[in-house]
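Consider the two complexes below, in which chain A is the common component and chain B and chain C are the respective partners.
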Partner chain A sequence: MASRHGSAKYWHIFSASFREKFDSRGTIVTYGIMWSVRVIVLLLIYSFAFRYRGGSPVNGITLPTALWSMAIYFIVLSFDIRWLYRAISRDIRLGTIEVKITKPYHYVLYHASHNCGRGSASLLFVLFITIAVLPWLAGFPPVVLTGQIIVAGTLLLFMGSTIAILLYSAIGLSAVWLHDADPLYWIMDKTIMVLGGSFVPMALFPPSVRWFAEHSPWGATMFITQIVNPDFIERWPQLALSQIFWVMIMAAITGLIAQQANKRLSIHGG
Partner chain B sequence: MVTIFKELRIALEILRTHFAAAREIRSAFALQVVGMMINNIALVLVWIFFFEAFGEIQGWSSMEYVAMLGMSALAFGIAFTFMSGAEMLSEYVYNGTLDQFLLTPRPLYLRILSSCVRVSAIGDMFFGLILLAIYAVWSHASLLTMAMLLSSAVPAALLMSNIALATSLVSFFIPDAEFIAHNLFEVFLSPSLYPGGLFQGALRFVFVFIIPSLLVGGLPAEAAIANNGWLYLFIWAMAGAWTALTLVLLGRAVKRYESGNLTGARV
Partner chain C sequence: MPNAIELQNLRKIFTFSVKNPRYSIWKNFFNPDRQEIVAVDSISLAVERGESVAFIGPNGAGKSTTIKMLAGILYPTSGTISVLGLNPQRERQRLSYNIGTVFGQRSQLVFNLPVRDSFRLFGKIYELSDRMIQQRQKELVALFAIEDIMDQPVRKLSLGQRMRAEIAVSLIHRPKIIFLDEPTIGLDIVAKRRLREVLKNLNRKFGTTIFLTSHDAGDIEALCARTIIINHGRAILDMETAVLQRKFLTQKRVRVDFSQPTKFTAIADTRLVHRDDNSVQFMVDTSKIALKDVLDELTTHYSIEDMDVEHPSLEEIISTIYGQQAR
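The block that comes next holds the complex of A and B.
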């Protein structure tokens, strides 16, 4: 096989993983059904809650905005970045990392491309369900999709995913020092769940919590959910700046952890 | 009756061995228990934010949610500390390790349930007890309310483990069904963590009789808070019905099992 250079090999890993996952259509459909059940239950619960409040907006957001925000959270979740932790920690526990780091690719980028490729198959399916079904059930969010919103949304999605890759990689690499890094993963995952706006959109948070979410790396992974908020167009540059800051900080921290982990692997290697 | 107690004693002995093995790596054991307790705080925070935004809904506020989550966490903790094998069944079928259970002269149901322990579930159990203690102080709950809450954990845990086992049975019909079984159980588990008062009308009916998520958190909390004896008995009756149904389904499903012919050392 011809050698691949630069980003081309990661694209190849991404597309191969995508095709592999796409062949397991049963798994994708099961995931889609489970995703739909979760969103429909949230839809019914929130419909009841808004009705109970007389149908008026809560914290400035309406029912469709809240539902679309949570649906976007679960769409992004299907990207499978969180499984990056499992892949890395499994390699460390089984010792297969010692073989993989000698290969001509960046170890973390290999796993990120592999997981994102697999996740993209599920993501496309649930995206299709969302676009086909959610407008009928929840209505459209009060946002007009302009070129600026699409570009801003893409940027926030890309940088949020980058932060998530760095966070989960750092936790995965910590398995070099810990017998079992699962508890750290659970805490990280649930912090993203809370501050990312999974079951309660960020716009419904108390002001101090919302401020913290918007200035923390965990909240920053899911800024894309704010694309349906009425004030998104004014606020996205501030959100993007926060993400740029966290991309730099997390890249430095994860790089340092990877460097130290590599040293430890060298000591114990053989 | 003597036979049942004898079988339960054997199941407890097996579990004791699993615990002893899990405790060997003490730091990992402690980290799993404490980590799970910290992890669960997230759920409380999410719904506290919800009630901060919406206020009290249908008699439910943060306080009732604390009781409900305490109940669910305690039930989950009991179910998966002592009956964690239920969720492993699909893996046993896929790997062919179910053979070893079929070959022992013990009841298959108990043998599967007691086949492993999930250490992190101990953290869920402690977390549930802490939340129930917080609820007792916060609401000045009566002794009757607390007795109803704590005792409801038994049928709720039975329900959880039976649903986990029932959803795992799909692996007898579909090859390599671990993912499907896991997701089917998630469909049951996720709504059990949402505030029970938000389930009204048809949604409530579905999540009581078809997917019994409300029976492990929402309804026990409502029964205890309102001191409603009928509702409390209904939860016990439903747990009994699901246990009977799971036993029947397991008996039927296992007839489809063909040995994996797995060879290897079993300690």
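The block that comes next holds the complex of A and C.
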């Protein structure tokens, strides 16, 4: 019973955060507009690039595939996992961590549930816009969504999000040592942006960069973007293995950082 | 049954780097000098279950550091801590089911949702059943008189309302100990008085141990049967609050109004504060001269219309103790 309730509390944190964010409709709509602008700019740039090549595929990737891949990146981004860094480092800097770590939950999981709950409100809105608008603008990618693809995609999304949670938490916790961990965060965030395929889909990377992206934790956070690639069905087991590896490595590293941070924590006024 | 709190030679040292003007910029950057501050210095004490204890001291005395070590937030440099028989650092999660914490103006409520939602969320975090959450919420809402704010978003509450809600929510799991760090800071007199009443009831009704730090002597007077004074990281005094007041009540302020213009001559072993033709104020140290002797001399030699003898407030007593320590 304890373990059932134990995991249920994270669901309640998620749900309360979702309701809290859902109340700020203005923020969600602004986020939706920002997402739309990004996708429209990408649409214009990539339409021009593909037209320049006479509309033929690049690296076996068509225009709709490239656009859907990048749109998926921004959908996942709206999940707000990256702000886990800000939440944790702010807690440490301002001392608000003291009201959270005296509660019966895992501090990092609390923030992960909280941020994902808040992010889900934006994510749902952005997902709705994507499904409503992108087929009109870019058409459909040439992929048939089978049960296997959906299951594999869900798995890659879950593991990618887990890696992202661990990466951003580790940077957030580093605020115990560094008074300002922002530079680390920006390096991490931009590396994920580049290697995760935000403005250039992974399938369009040069082979060596693609290999690096697929074997690094930064690229592994966004393997879900490859779900629209024609070779996804053959490649997903390899991607999943890479993610499992990084989940284990990052869990060990973040666990160690959390343990050390716990001992070194100091809060003003004590 | 173990005591609520037991500390043995508790020490906490903070270290930080300091710039040395004699060093080069590189040495200061890569290998700076380190400085140590002893925030808590060998504190040993025990608090029984159901006690209400004030843990007070001037700024930087080490009281917040101690309370944070008791709650498992900070690690001690050395010494042992036992809270309800548990080690707060090694068994923080287990302990968290049995303690409540309120840290001054830090909020733990869900800012944009109604207070009711925070009760439910915290009930779930403490793994209470829906029925239990309802029951506890009902009790606490009545105890803290917050029925009228239950459906208001937290962001819309006044500071006094929010503090009552904060403390109520932090008690949803009925903790055996509640750590209160400056709970009345920023509250107006009415809100303070109300909060103190509620905390007193809580201690009486549920036997909740109260461990309080505050700069407000009113909190201590109203709530705590025992007072521990800490300064420079050391416990310098530990006694019942009532005894503390009696023991340090050697100073009395005497104010006299004469029925006619009078030339007053200072009484030996008293300290004159104010004198004019119609009235006089002076301090009497009862360890040097009995108050009765002073009053006898006044009534024998002067024609008196009115007279007051005042005790110093607890605030003045505490201030005197801090002052003695500083010297």
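To be clear about the criterion, the second predicted complex is superposed on the first by the 261 of 270 C-alpha atoms of A that agree within 3 Å, B and C clash if a C-alpha of one lies under 4 Å from a C-alpha of the other, contacts with A are read in each partner's own complex, and residues count from 1 in each chain.
Here, a contact is a pair of C-beta atoms (placed from the backbone, for glycine too) under 8 Å apart; a residue touches a chain by one contact, two chains touch by 3 or more.
Predicted model only: the values in this text are computed from it and were never measured.
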After lining both complexes up on chain A, report clash or fit for chain B versus chain C. fit
After lining up the shared chain so the two structures overlap, which partner does A:T30 touch, if you call chain B first and chain C second: first, second, both or neither? first
Figure out whether A:A16 sits in contact with chain B (first) or chain C (second), or with both, or with neither. second
So, does A:E98 touch the first partner chain B, the second partner chain C, both, or neither? second
Quick one: is A:I45 in contact with chain B, with chain C, with both, or with neither? Answer first, second, both or neither. first
With the two structures laid over each other on chain A, which partner does A:G6 touch: chain B (first), chain C (second), both, or neither? second
Examine A:F199 and indicate which partner it touches, taking first as chain B and second as chain C; both and neither are also allowed. first
Does chain B (first) or chain C (second) touch A:D180, or do both, or does neither? first
With both complexes overlaid on chain A, what's the closest CA-to-CA approach of chain B to chain C, in Å? 7
Give every residue of chain C touching chain A within the complex, in rising order. 14, 39, 62-68, 71-75, 92-93, 96-97, 99, 101, 103, 106-108, 110-113, 117, 120-121, 124-127
Spell out the part of chain A that touches chain B in their complex, as residue ranges. 26-27, 30-31, 33-34, 37-38, 41, 44-45, 48-49, 52-53, 58-59, 178-180, 182-184, 186-187, 189-191, 193-194, 198-200, 204-206, 209
Contact footprint of chain A on chain B as seen in their complex: 25, 27-28, 31-32, 34-36, 38-43, 45-47, 49-50, 52-55, 57-58, 120, 174, 179-180, 183, 186-187, 190-191, 194, 198-200, 203
Interfacial residue positions of chain A with respect to chain C in the complex: 2, 5-6, 8-9, 12-13, 16, 19-20, 23-24, 95-105, 262-263, 265-267, 269-270
